[in-house]
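Sharing a structure here in structure tokens format.
Order as written gives the chain letters A, B, C, D and E; numbering starts at 1 within each chain.
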């Protein structure tokens, strides 16, 4: 009986080939425009620009492993950004631009709580009321956005504290953007919890066979609530990160965050039918489309060709990954 | 051993409660504004405005019953509309506004073939290459839209023949809009094929247990290709219908067709995990959100409240449907 | 025998009512227009309603038009989201005896509306190019256009106007437009990618609010705020603030409140038998940090 | 005779128009193996589900350890010390055998890591391997998901899981159906051992010689009702079959 | 002895690092019942899957009816007249029993409706009811999805499906594992009847008395290899168990 190493367990052989795809993409773009691609600048900006999506996708990974889905993340992000920004403004007489760390802390708390509230609502409706996740989160997709618009009266909320945007938003730490650090910490914790703890084990078990999990005494309802709560809270955090990054809580422009996150998770080898998946795969799944989009702009691909090329590479990557994995299984 | 009637088989008891939801929605809006809601005009426009989505959703029902998903329908609709409009224009020296029935017929053919081509591509990649449907159709979602933009150079294509828009687009037949007639015929055929034929049976069997279907000798690969082909072709038809109705092949505005169609199918009682579902359910699933949106406009609900209210009613409807169904099962 | 057209049947409605159908909900541009609209209509004793689609999208606007039609108001002010696709639904309004006034955008078919009140988006693009050239001065370098989605008529017109005009400045190399799906994060990413590929980037024209916000973020992230001149479109409070703070170097502002007010005047003229002007163009201005305080009336409003 | 550990009275369970249980009664005593037999579709599995909290009976009464109780969930049953091998096994196919064995009762690392719920996978794997050896199961690899195991291997995991955790009562719904000759003997040994520890074992099986070899008592279900009870000693296969098929005169027992 | 109907030689099948078959051979003759026995995990189900086109062996040769053949898919096997009852049953849980029985071979309505593939559900249901009666299965309702049936009822549907359609060879992987006493006898009767029609029946079972009662020959698999062959007449359970467990001296047969 062979024993797996920690590395194997954490990464799963499943992510090897898709990782290879990512590396070769970078290699190709790097070969075409080494001066523009293989620079600290491009690395930094690419990482920063994927941070928010990465945080959303970590939560989505958990949800999809339970064989659920969460379409609401983008709207929850918007809602949390709006509540957070409005609270910070309210605390500072309508404009928090020059507010201090206390305000920022309250803002973070409000963002997290707002996200958690929607996550809790999703979780309760999915787990306790037994409504299909697609319907529940399609509902909160609309409702959270509508609620955000109601609160902000339909327009973007400005007035983000400078200390927030200059620290979390654009600050770096030994050259690593703080936004990236935060996303990396969240991702690492997400990967460890999923791969090594009881919480992660239950997540897999529920997705693999919900009835079996229930029969062995796992509190399936409670666990599902927690998973959606996690996804919602991370969406709230993502909303706060976006606030720091864009210096505004913007209402539109997050309609496709949900599909992007789902695609990243599936691209990373997690099955939509639940039961198996890894956060490391999701990380790769987040970066492949990001690298592609960036690379195509740098290399100068025609704008109308860009979506077509992204689509082709995406499908080809998964196809390659799958056929390699199958071959490995056969061997 | 009891025998089920044809009616029961076609409708399935599953659709009873969700149908009830639809009727009570109409009743409520009708009670608030009887003068505006219960008119031929409102009926006509509501039906017309849902025709295109209905045709998309019929194809989506098949795909979801096989436990697949098709995110590409909206983009395929756009692509088909563009190719069809451009072909009709090309046949008439650049502007087909005054072209005759021959041109319209060619346009229809081009739309159907364009849709079928994307459907075939989806089907082959899903069934033969074994790539997850979400990834494949996310790819064609981007690629079909990009291809449409490439062809039209990024702008809407006008020049739709008047004979087409005044007949199929806005014409009526004994008060029933022609567009609605066409959608009804497609839906009826879709319902009959799914409920009574071998094709429908195989669709259910594959979704219920693909491996079992393969082992009993059903050509699973071929069947899946056909199902995606069907969904693509119907998206092509929908593109042609949209052309007739809007008098223009519009590039934007179809990003959420896929989610709308999926929501309609799931709302209608089809499981995302495949194996069971009905076209009649899908019809109800298409109309509930449509009636809601229309009703809210007529009743004059605040725009920001509308998505919230739609979300609440959607979730409540499914919850009601599910708890009624469960109660029935218990009885 | 059974042929006919949709909407053949009809009833009469409330001519003392007026409805505004903006292109999209929740944009300061349309909110400011709504403010002008409400103010002017109420002053004349009209009942008002506003129904906006969730997105700038003809498939979402169409059901709103027909829903409004069911109520039979006296006049409808509408910003058609597609110059062809909205012709059908809007013709139904006209056929039902409702006076239609186009605001902001217009149909290709000029026979439907009684009047059109708008500012010219293409001209706005040209103005953006001129402003950018002025800001850059004589320096040579690349310029980029950030557009929303392919096929969005308003922003496409702005981009086209910019593209045509920028060619007149030989020191500026136009590197083309990038689509952003109207998402700020994509806009940021496209800006930094362009910076990587074209380090000599000196100007960016962002065709709407979201692209502007994304572009500002991308430039800030790259540490090139101010070094690369950013010209935005529209003057929502946040954009004005960014202009003041130096995140944006210029804004092309329309005058939505006047559009709304003028639209009401034209509608009332049509309803009450006054003289109706078929085409009215409102002003477009370029706001820079230097002259912004003088042009405060062009700032958009968040709420009335 | 002593007070029964479990006494179910006149349970009724409908699925839509199907009547799975029509007033079934069932009794189990501590320290005995009682076999529950009956034809296909007699309602045995349904009865087990009702008695282990998976399904809720529509009517009837459950007495456990002398007091009337309800079992609203499998957790409630587990809390009473009731473990079950389900006929459909109820395993998570994507998890490996050790994970399935410890599902719902994972071991965590000692010390601070454990407070965060970090699993002690190594220890679980080691102990699981031991349990499997006890049951005579040989696995070529413990790292494959259980869905890839052979039918008998999977069943052995389910059996191991129940006997490891039970403290009062074990339901085993056809635990030996897919087992090889050796493994079957091992499981029957385990059944006896568990009985000797004072627990009650309820064994469902269609194999009459096996039933007579291991059970102390036999209860017979037919069409959703208990129709006969036997002491195993001295009963013949013919009598059992007669009761199951209704060839022998029925009595509502 | 006559030419074998099916002769599989030295089949090898790996799953990742697991070796399910390590050069297994197997022979079946027309007009006989051959039992395939072996411990859990010996590779019996894998062998059946390789011989019915579900899995592709990594090495080895399959001779059917005298000519070397490959079975790239289940359809290919079916075309040769091979039907299979899989251990995991391979039924569509959302479809009703009649639909499962006729899956892949639906009856269509006579006349023009049939050209469009319109199903004759009534006729299929009628005939299915008949088949189930033959096998002694009683269903309270034929309208429920098969996923809601009892374990034995589901297995009966799978057995019925294979014998209805086979023409040359039937593989039955533990067809009686979940069956009641009566149903088991009926299935064994069916097995004999099928054999008497000149077909070959391959029966996998862990029930040795059953094997000796119905089989003409027995082949034994151990650790992915054939290790012994017996004529059933005159063989004892002890000999079979000895061969399966390796207690008797092995020979690579």
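Annotations for the structure displayed:
The working rule: a contact is a pair of C-beta atoms (placed from the backbone, for glycine too) under 8 Å apart; a residue touches a chain by one contact, two chains touch by 3 or more.
Please read these numbers as outputs of a predicted model, since none were measured by experiment.
Counting hops only between chains that touch, chain C reaches chain E in a minimum of 2.
For the pairs B-E and A-C, the count of C-beta pairs in contact is higher at A-C. Note: the chain lying farthest from chain D is C, by mean C-alpha position.
Farthest from chain A in terms of Cα centroid separation is E.
Centroids built from CA atoms put chain B at 30 Å from chain A. Chain geometry summary: the mean Cα position of chain A and that of chain E are 48 Å apart.
Computed centre separation for the pair chain D/chain E is 28 angstrom, with centres defined by C-alpha atoms.
The residues of chain E that reach two or more other chains are 15-17, 139, 141, listed in rising order.
Multi-chain contact residues, meaning those touching two or more other chains, occur in chain B at positions 2, 149, 154, 303-304, 306-307. Among the residues of chain C, those touching two or more other chains are numbered 25-26, 150.
Interface of chain B with chain C (complex): residues 35-37, 39-42, 44-46, 48-49, 149, 152, 154-156, 158, 165-166, 169-175, 177, 242, 245-248, 250-254, 290, 293-294, 297-298, 300, 303-304, 306-307. Against chain D, the residues of chain E that register as touching in their complex are 15-19, 38-42, 45, 87-88, 137-141, 144, 148-153, 156, 174, 177-184, 206-209, 241, 244-245. Per the touch definition, chain E reaches chain B in the complex via residues 52, 54, 73-75, 78, 84, 86, 89-95, 99, 103-106, 108, 116-119, 121-122, 125, 129, 139, 141-143, 145, 161. Chain A makes touch with chain D in their complex at residues 1-4, 9, 196-199, 201, 204-205, 207-209, 211-219, 275-276. On chain C, the positions that touch chain B within their shared complex are 2-11, 25-26, 49-52, 54-60, 62-64, 66-71, 81-82, 84-85, 87-88, 108, 149-153, 156.
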